[in-house]
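Provided herewith is a single structure, encoded as structure tokens, for subsequent inquiry.
Labels A, B, C, D, E, F, G and H are assigned to the chains in the order they are written; within every chain, residues are numbered from 1.
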């Protein structure tokens, strides 16, 4: 039977553009982009969604999602999102941030946005490293992990312990939803899809801030093959960053 | 019996200067200054202590404590303290910060200093308002509390929920000690004195960051008499900010 | 019977789809490279594809379409 | 028998010490003001002071010294 | 002609309000006016002051090192601002609180007037109106604005929810004027 | 005289290292040298390139829109940099990966040389040395530095823990030279 | 609204913003400008607007960026240290071509800064304290009335040129009360063609500052430059009051210009021939006016409450064609009219210059 | 260490800092300067120093402030947006009279910024992007060797004048490898009489920027001004290479000056009479050198990789006494020697100016 005669059971979501991703082979940013696009389609949000893009490897989100988008200074996406949502309450506002962006330079902005119960959704890609800038230590880098700025491996005393964002944000009263999922297997991806929907739903129902943390691979800066990197994600990252839903409105 | 013949059983601590405090009547900043001076004397730290002063009504600490002092930009005291302690590991470094300083603009700095397990001590004066600037909402302002920027009372949804600093900081692995005490009665003051010692001890024993949060009155910006303000502290603040030790190495 | 179409220029040869396909329907063709220099995933027409779409689900580059 | 010395220029008349002294040894003298315009705490020589120092402990302006 | 006065005292004595009322009435009288308060750190420790300038011409500096008059409602205020008066300046002292010797002042042709503001306020029926008794005395002493004009504008000055205060204010102003007249 | 060459390809092909070795040897030969890599976002998506300039005089720009030579280790690199060559430039193409028609190039007097780098590297005993085979060919083709000089400096170039690679590098360089000689 | 009201400069400015259509304020307290947020915390909700006390100046300026990206009139205000913290955001606003108004009621720096009136942030405001080639529109009121008026003007220019605008005031302008006449209120802007609102029935829109394709960023910079040139051609605001035959012009801005005005008036009463040029827009700087008047007079006295910042713009305008004198009041010092008058006398001579060619 | 090594500019700079005695680095990653923290993360601990990757640029600059207050040689590095975030801290450092070195390997802004080589942060660096009246010492290397040398020089000046110093580089200078000759290493500074260390056997010390007593802040500002004047008198660094009879001088700094150098050399080979003046210290700006050479030549061509920033300093130096031309390369554009050469030809005429008075 020719393809033409068959039913397409899996295709690129409507709100994903045709542009090829610029990510490295095996990088999960592309996957997260797709999940975001699927969720936008699922809730039919493409005509009200506004993406607020943090600075990191996801900075070119606007090339890939067919929605209104706004660049934001590194770490400040939740503040920019606050400005958009407050002045445009009918829009659906979603930020896209990496672990450096959200958990280092943007610590204050995410905490206070959650604390004010801003009606925004945060897509948080935790790949335990600064991808875009070439592999420096992130706030989520694992103890002992070698990066370009922790050549001997991260020492928690002095370099800092890994920061557990989903848990931290879930302690704030204005957070409606906070969960951590992973991107490295199809079962995890399916859980991730559900969690992403809840994070969107929180905003749709005006319950408060929704955050989804996605454990992701950065093969390039982990200096691994894609295969090795998904194995590391499973074997090492999940220990430090337990999967689960930490708050659900 | 003339005074000369009696024993002095309570006097100003040695490391407190003779300068009159510039604080308003009934303000607890003076009390916290005295406790800090007492603790410096207790551990004989006046020749190694370096005070890092946040911006708030406590900004003139250097007029009152006879120790080396450094001004720091609003909110950045933990970063300045990190720079001092790391480059001067034999010194004893203590910050003095208000709730606006530490829990609003300085959120990121305190969290990451604790997370890196910096060996510094944080004296945190929570008076639920911006004192120095004239009574605006603080991150610790109570729900419903009227301030000059929440004329109808603080609405948690939108203005933010009160932030519980001692609890939040105690969740970080690098924190050795975190406690909340109050300043409004002699029994509370005695507990406060003990807690302040533990917060100092944490640094002396190199266990990590020590933080003491002191619930304090700002009669001026609460628009109350000193008497009313200590009653409010007891009746209202302690409910939202439960006293206790949240972490003890 | 399923069938998978590879958008070759999107594929980066990460190999995730190969691993997830229980039927072994996909392989990297090392003799060919796309314009970006990657060996690309290739669908073996001669094997049995259930159309389960796991390969597409796991592909981080949205390079696969599945038909059934 | 205790005795309390008031550093009048430090006192701001907040009244905390008055409240804490069970013996009522301290009062604000409304007829006098210090240079900053505050009525200042005044020790009644004629009452009984235990020298417990609660007044000094609670004074936010370190205006009291206690002798015993 | 330009008239500048520094009003000073402790916080809570109403020196800012006293200045504002003067400026408001000046505006209503068609004059150019500026009112400039002390603020910020200066206010900790309880001091408060403001400068009011009234003029038929454009006003340059709203603060001045050499005001035409100084009103001192407290002793520290007197110490701080009394010395700034130029020759022939006017110094009005709240004698209910400041108990300094007459003789220290009045040099350089400075005219010194003592006003028992608390007593006047009490007489007017509201002990909290000491500032307004002082303002009444100031107006009577200087004539920068007519008392009647000021009394007329008290109501336009007060926010609606405070209009009940108007009568008391008028009374206190009058007491101040009467005191000067009686000198 | 100043010689500038752009070396370009995919990340992982060792184009940066190839350039660095050339620059290092130039320095050791007493020349002024600059080596300038591509970096940052440019490197996502797998491209990499660097520019090496060698000169007896002070070097101005370490990058140039019109290099004397371009080494293209991949097709996108060829597309991007091939067109920058000025008249009489030299274009060296990695024919193991780039299978474009000869005829497209060589216009404007551009000299085009195809080097089967993978094959040469394999012959030299280490398939990962394709870049060095290319460098050997480049040196032979241009004579900017003598091959012997470069071979001599391989050891001063390598960090101590990589000195074991020296021999393989020398072999691959030689293979490249031999290939040119054989043309 | 037909009568004057006695308003604090800060309050006048805040009301001026509302009357211009501003409905969004995001800010963090700092003396001496707290009257602005305090006033707006009540006044904005009353007109259906939004007031947020942000956790910091960084958050404030980025909330402004978000609201501006939505096509709304948004503003923030701060002082010295807070404005420094906004430099990254200001650079993004300029790079993203977003309109917004930022108010700086200055403190005397550097560092923590005193709250006395001062003009030490002129360079930061006019040269762009943030990174990259950009400019803010900078307006310098000198009265409560202008605090009110220029708030509206700042929004108008910001929207017309899609560029952030700054109002540069100081403690005198912020704290002083003066009579102010209010204008009729304008309604907020609607549906700007570049604003983000969700891509309903249209192509998605993008607010960004980074252009990555070859040469694009250069084109972008030149586009911004064109905008700044247009501002220089069309939007200069300046008050010129010079006698036809003039021996000296005094150049001063903001609160300092009021005092200079008094000094100049007095000098003129004395019979000296002195004029005043007051830049109201600091960027675009009234280069032509200063050049021409300076050339006529041959002498310029710049008076600033800093160590000499606008001085550079005056020198650039004069380009060597006039003698430029400078009187400096840094660190919160405020000149008196007498001091400036004396300076004028010293320069032109007590009896004035003798006009060799005069009739 | 007697042989040249092929070093990246960033690495040369980092090693230069260590060799000057710097032992404390606090920074946050940003392209194109990551080689600095990456190198130092290994190299500093190796010499007993401390490397901290801070959570942000705000934290970085304030950690630097802390270490500087302890009398230690401390530095940070960043690029455009990160430097903007440091403006408050820089103002505090200057106000508190603390020595420190801040490196800006620029991005082309405004906004997020491209990482191509650019010089758009000249104004921010030389005018003080933070609030208040202060200046940074600003040095502009143009080779890997100078990245190394000027790192040391920046620390020397910072400590001598107790003022923060900035090294202004760009992606070319940061990323390029060139041969570098290392110097002998100096030891870290000890026991500065102003440094905080605990008040053992002495009076407590205080590091602050705010002076509150009447007039104190003015005195402080004037003290800072004196320091800047001393820098202008004593510490100007400039490379002058002008033929005795010169028709045009080209003024350029940093990486742009290398290209200008090539262009000037070529023009001279053609027989044109062209010179080059290269400011190495941007503050203090080599005003005298530029003025004198410009006056001799009568014509100045400023070439910058921005829309015209140093141009203002050149104009101020010339003060109308020379014609000033400008060639602009904003947004990451890099001039070629050919382009500059052509510009030179256009200005002086293909065959050179005819020297009317020449023999």
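In the analysis below, contacts are C-beta pairs under 8 Å (C-beta built on N, C-alpha and C of every residue); 3 or more make two chains touch, one makes a residue touch a chain.
All values derive from a computational prediction rather than experimental measurement.
Engineer: Show which chains lie in contact with chain G and also with chain H.
Structural biologist: A, B
Engineer: More C-beta contacts across C-F or across B-D?
Structural biologist: B-D
Engineer: Rounded to a whole Å, what is the gap between the Cα centroids of chain E and chain H?
Structural biologist: Spacing between the chain centres: roughly 56 Å.
Engineer: Could you state the distance in Å from the CA-based centre of chain B to that of chain C?
Structural biologist: 61
Engineer: Using the average of all C-alpha atoms in each chain as its centre, how far is it in Å between chain E and chain G?
Structural biologist: 34
Engineer: What are the residue numbers in chain A that touch two or more other chains?
Structural biologist: Where chain A meets two or more other chains at a single residue, that happens at 23-24, 59, 71, 73, 104-105, 107-108, 112, 116, 132, 134, 139, 158-159.
Engineer: At least two partner chains per residue is the criterion; list those residues in chain F.
Structural biologist: If we look for residues of chain F contacting two or more partner chains, we find 40-41, 45-46.
Engineer: Among the residues of chain H, pick out those that touch two or more other chains and give their numbers.
Structural biologist: Answer for chain H, listing residues that touch two or more other chains: 31, 52, 55-56, 58, 81, 88, 92, 96, 111-112, 208-210, 212.
Engineer: So in the complex, which bits of chain B are touching chain H?
Structural biologist: 46-50, 52, 59, 62, 65-73, 76, 79-88, 90-92, 108-109, 111-112, 116
Engineer: Spell out the part of chain B that touches chain D in their complex, as residue ranges.
Structural biologist: Interface residues on chain B, with respect to chain D: 1, 3, 6-12, 16, 20-21, 23-31, 34, 183, 185-186, 189-190, 219, 225-227, 230.
Engineer: Which stretch or stretches of chain C touch chain F in the complex?
Structural biologist: Listed in rising order, the residues of chain C that touch chain F are 33, 35-38.
Engineer: Would you mind writing out the residues of chain F in touch with chain C in their complex?
Structural biologist: That would be residues 10, 45-46, 74-76, 97 of chain F.
Engineer: Considering the complex alone, what residue numbers of chain A touch chain H?
Structural biologist: 55, 59, 71, 73-75, 100, 104-105, 107, 130, 132-134, 136-137, 139, 148-152, 158-159
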